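Have a look at these structures, which come just after this line.
Shared chain: chain A. Partners: chain B in the first complex, chain C in the second.
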Partner chain A sequence: MRDVVYLAWRYLVFNRWKTGILIAAITVIVFLPLALELVLERSSERLRARAAATPLLFGAPGSALELALSSLYFSGESPAPLDYAIVAELGDTRLAAAIPLHLGYRVGSHPVIGTSPDYFPFRDLSIAQGRMLALSGEAVLGAAAADSLDAAPGGGVVTAPESVFDVTGTYPVRLRVVGVLEPTGTPDDEGVFVDIRTAWIVGGIGHGHEDLQDPTASGSVLKRDDSNIVANAAVVEYRDITPENLADFHFHGAEDEFPLSAVIAVPVDAKSGVLLEGRYQSPDSPVRVVRPTEVMDDLLATVFTVRQYVLVAVALVGAATLATIALVFLLSIRLRRAEIQTMIRIGAAPGRVAAILGTEILLVLIASLLMAGLLTGIATAFGDEIFRWLLQSGVL
Partner chain B sequence: MISIRNLDFRFPRGGFRLVVPRFDVPAGGRVAILGASGSGKTTLLDLLAGIRVPDAGSVTVAGQEISRLPDTARRHFRIHRIGLIFQAFELLEYLTVQENLLLPYRMSPSLRPDADTGARLSRLAEETGIGGRLRRYPDQLSHGERQRAAICRALIAAPDLILADEPTGNLDPENKRRVLDLLLGQVAGHGATLVMVTHDHDLLEPFDRVVQMRDFHGAEAA
Partner chain C sequence: MKGTVRRLASLGSLLALVGCEPAEQGAMVGPAPPSGDATVEIYAINYPLAWMAERIGGDAARVTLPVPEGVDPAHWQPSAETVLAYQRADIVLLNGAGYAAWTEFASLSPSRLVDTTRGLEDRFVSAGAMTHSHGPAGEHDHADVASHTWLDPELAAGQARAIEGAMVTRVPDRADALRQRLQSLVAELAALDQRLALAFQGWRGEGVLYSHPVYQYLDARYGLAGRSLTWEPGQDPGKGEWDALAARLAEAPAAVMLWEDEPLPATAGRLRAMGIEPVVFHTGAGPPATGDYLALMEENLGRLARFNETVGAGDN
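Now for the complex of A and B:
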């Protein structure tokens, strides 16, 4: 048997390009449907689990899918804003706890999530290093974000500038990292969490600058009367929120009208959830309420329908490829007739020659399956990222 | 060494029939077989090697009537006792020259290398002038070198009988002479018997005996 395997191996190695192409073709045939099935299965489980853990979502009228994807997975475009007043309004109903979410800004490729302290116990997030948020300007990083940004408590991260080509855009703000969360295997691992006021400061709604009543700032003052001080552009705006300058940060306008991306509502019981949902079902309501599980079920139903078509297509292509590969083997045997005859004339049994040829096929299949297994493992490990990318890029 | 009696062979689907009433070769003999294309020279070698079995009559090699042996026993006999050399060399392109020389040992579990195999391989390769080519592949050799490698492969298991089917057919005149001298030298050195098919009259001088296919008086088109 060792001789049979050796001769088969030597043939495959000598014809390495042909062997490589065969292995690649079979690998793709096996890998594509297998990976598609596993990635979809696993990703849909995770999507459903996160959606199921989020009872109700409030947002501005618009796409329910966009609202759910951005609020649960921090993916895609930030939804249209709704007023912060909804948080108090929901609290007043005593039917649910309201957790505000402000999205849309980033640190590198990581989303900045402005929220309240209730978010952390709600998502079962615990601190691995440092402490929880206490002051504006502080940030707690998800495990993957901390790793990728190489940040730890005591360090800092800077929000992405949006003003390089846009004078009305937001300026970067330096956030002080005070904690890193335990990894959870959810989109929270990628997040940079700040309190809701910090998110507004990042968005330019709140700001801090030198005290214009201070005589040293008089160089920037254009006009001063009993109630107003008008300053020029030379006034120093703080981009780094520290305990020392925190008191200089303030907001203009009514807080109730400050923007949120969404609000997670956690009803006190099932009946409260239904009542709450009923109150905001009116088409005239300025607020939209969605059940994430229903949104995800609708999305996954579409995805699984697409999957069926893809699997049929892959099966047809796979059958055609396998037929071609079989033809390649048969033609190869015809081309090797002289070699086969030589072996038999020297004294090999026909069964031994068949074993050599069969072992060649077997080795190609084994190599293909190993490759497909390896690729499927990689695809499964990065399944969520791949699935999210497929959703965001519009492939699914 | 070889004894054929009243051999009658016909291809299964007709078209050719070979009849050999009597053919004897003594041990150590060197016999050349001449004949036109299609006269049955290669078929006769196949019958001597036990690759084909006659419909009637007997083929005896080294005292063993191989025409009566079952398939497996015939293969065992062939791989142990008979060395084959082909016109087109028939070296496997994906094996090195050394691996090609040792190919018979990989063709049957019954033939295993012994303690002398390595030394025999080195000696054969040196004697035939391919000692420096053992790690090369066949397509890196000249035609003459390939045929010398094929001769080494036929001799590696120290067979009693060498059957050579036009071994010089693909060689230029200079290489023909060199390869034939080499083959005859090796056969003599190993004390083997040689039956060589050829249609080249210039190469017949060193042979003990030359047989024309038509001498059998039985070869005929059906």
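Now for the complex of A and C:
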């Protein structure tokens, strides 16, 4: 038997290019559906997990998908704003804790997430360096954001408007980095977290400038009486929010009307969640409530439908490839007729010759399966990073 | 088809964001879940709120007021570490009405904040408004309301009810005890209200001055029609202020001036020479050196009674 294996092995090694192409073709045919299944399975598991960890989302009426994607993954366009009053309204129901979210601004490519301290225990985020947010003007960075911005506690980062076409006059604001979060492997790693009021200052709803009632501010003051001060546009607005100038910041308008992108509602219990959902289900409601799990299930249902088509296509291509491989082996036997005749003449039994040819096929199949198994293993261990890299580098 | 492509595009960018760690777990947020025998951790921003929380909470509450001694809680700026301590409390008691501006710029969870004057806004007293305008933002108001709300005992009772309501949600099993203690506190505040009303009876015609604009709720509650200055007890007001006061007195005479703390003897003497009796009326914003809020008000009532005896006003 060893001689049969030896001869088959020598043949495959001698025709290494042909052998390599055969192994690669079979490997790809076996690996592709496995990899597709694996990546989709694991990614959908993770997407569902983040959605499942977010019981209810409140937003302005509009696309539930946009609301869920922006609030959970900080991806896509910011949803239409809703009033901050919803936070107090939810608190008054005593059915849920409300976590406000304000999105839309960025530091480099990283989203600025305005929220409350409840967000961090809710997402199980802990501090790796520095401390949590305490005052306006401070920022806590996700692990990946800290790496890519090369920022650490004691440093600073500068916000950018949501769009380069933002002509509404929102100035960049320098945020003081006070903490960096432990890596979690979630979209939170990419975030620049600030207090909700800092987000409003970044959005231009609040601002700080020298005290116009102070006599030393007279250089900017055009007119002053008991109840009104008119200053020129040269009044210097602070771009840094520091503990020293914090008292000079103020907001304009009623806080209840300040904008939020979404509110995460964490019901006291399951019954409270259902009650809360019921209260906002009316089509006339100015607020939309969604269950992120349902939104993600809808999205993934579409993906899995497409996956079926892809798998059928892969199966057809696989069948065609296997047929081609069978043809290659048959043609190869025809081409090797003289070699086979020689083996028979020097005393090889026909069964022996068939065993050598069969072993060659078997070795190619075994090598292909091993390669496919190896690639699947690599995909299991590093698939997410590879996929992420492929997507980010524009290959996919 | 277009929708499907859009969904797939969304998923593509999502997968780029989703990492490789185990599934996320939703965590409990907000204050700790209600429990029958738990103690509610309460942080207050001024003494009257802390005192009311202690009175109502009894052994069900652990109340902290981290304002350093001698510092006016209205103008205090806590350190980041103190704000982090506030974040850990089950309940953070706010006075509302713009009191303690630092809370505007501190990162605190709405789920733990209790604005004790929410719903009482129609009782707020204006403290004047300042409008300013500059640049493209145009004119904007900095409307202000007076903030020492508890000086109106009726408003203080409303604030006490808000505190009790917040505590009941945290320890529902102790609701009966909390309600009983609230009723007792409200009764004491009503008694204080009656005694203050008697003490201030007849003051309207006296002409009342306030050393600082902190007595608006006392003024509104008892119809005193007083006027506020901005004099510090430990400082000489200066010639300008004395001249301004003399001009004011020429327009409308005054016989009494309420002070947050004992004025300098020279200031008190000069006021008396002008026919104005300085009377100390502590607001109780910060913790008293001895006793509690009611004891402090008792001392205030004593001083009012002595003044009334001197001039024959009031009926205490």
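FYI, the second predicted complex is superposed on the first by the 268 of 396 C-alpha atoms of A that agree within 3 Å, B and C clash if a C-alpha of one lies under 4 Å from a C-alpha of the other, contacts with A are read in each partner's own complex, and residues count from 1 in each chain.
The rule is simple: a contact is a pair of C-beta atoms (placed from the backbone, for glycine too) under 8 Å apart; a residue touches a chain by one contact, two chains touch by 3 or more.
Being a predicted model, the structure only gives us computed values, none of them experimental.
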Practice task
Look at A:Thr186 in the shared chain and tell me whether it touches chain B only, chain C only, both, or neither; answer first, second, both or neither.
Solution key: second
Practice task
Return the chain, chain B or chain C, that is in touch with more residues of chain A.
Solution key: C
Practice task
Could you say whether A:Pro55 touches chain B, chain C, both of them, or neither, answering first, second, both or neither?
Solution key: second
Problem - Partner chain(s) touched by A:Lys271 [first = chain B, second = chain C, both, neither] - result: neither
Practice task
Check the residue A:Val87 against both partner chains and state whether it touches chain B (first), chain C (second), both, or neither.
Solution key: second
Practice task
Classify the contacts of A:Asp3 with the two partner chains as first (chain B alone), second (chain C alone), both, or neither.
Solution key: first
Exercise for the section: For A:Arg16, select first, second, both or neither according to whether it touches chain B, chain C, the two together, or no partner. Expected result: neither
Handout entry: Touch list for chain A against partner chain C, complex
Key = 39, 42-43, 45-50, 52-55, 65, 69, 73-76, 87-88, 91, 94, 97-100, 116-119, 121-124, 131-138, 169, 178, 184-187, 189-190, 195, 197, 207, 209, 212-213, 220, 227-233, 235, 237, 243, 246-247, 249-252, 266, 268, 299-300, 302-303, 306, 383-385, 387-388, 391-392, 396
Problem - Complex contacts: residues of chain C adjacent to chain A - result: 4, 7-8, 10-21, 23-30, 33, 77, 80-81, 83-84, 87, 101-102, 104-111, 118, 128-137, 140-142, 169
Practice task
Provide the residue numbers of chain B that touch chain A in the complex, in ascending order.
Solution key: 46, 49, 51, 71-72, 75-76, 78-79, 84, 86, 88, 90, 92-95, 99, 103-109, 111, 137
Problem - For the chain A and chain B complex, residues of the former touching the latter - result: 3, 6-7, 10-11, 13-15, 338-339, 341-349, 352
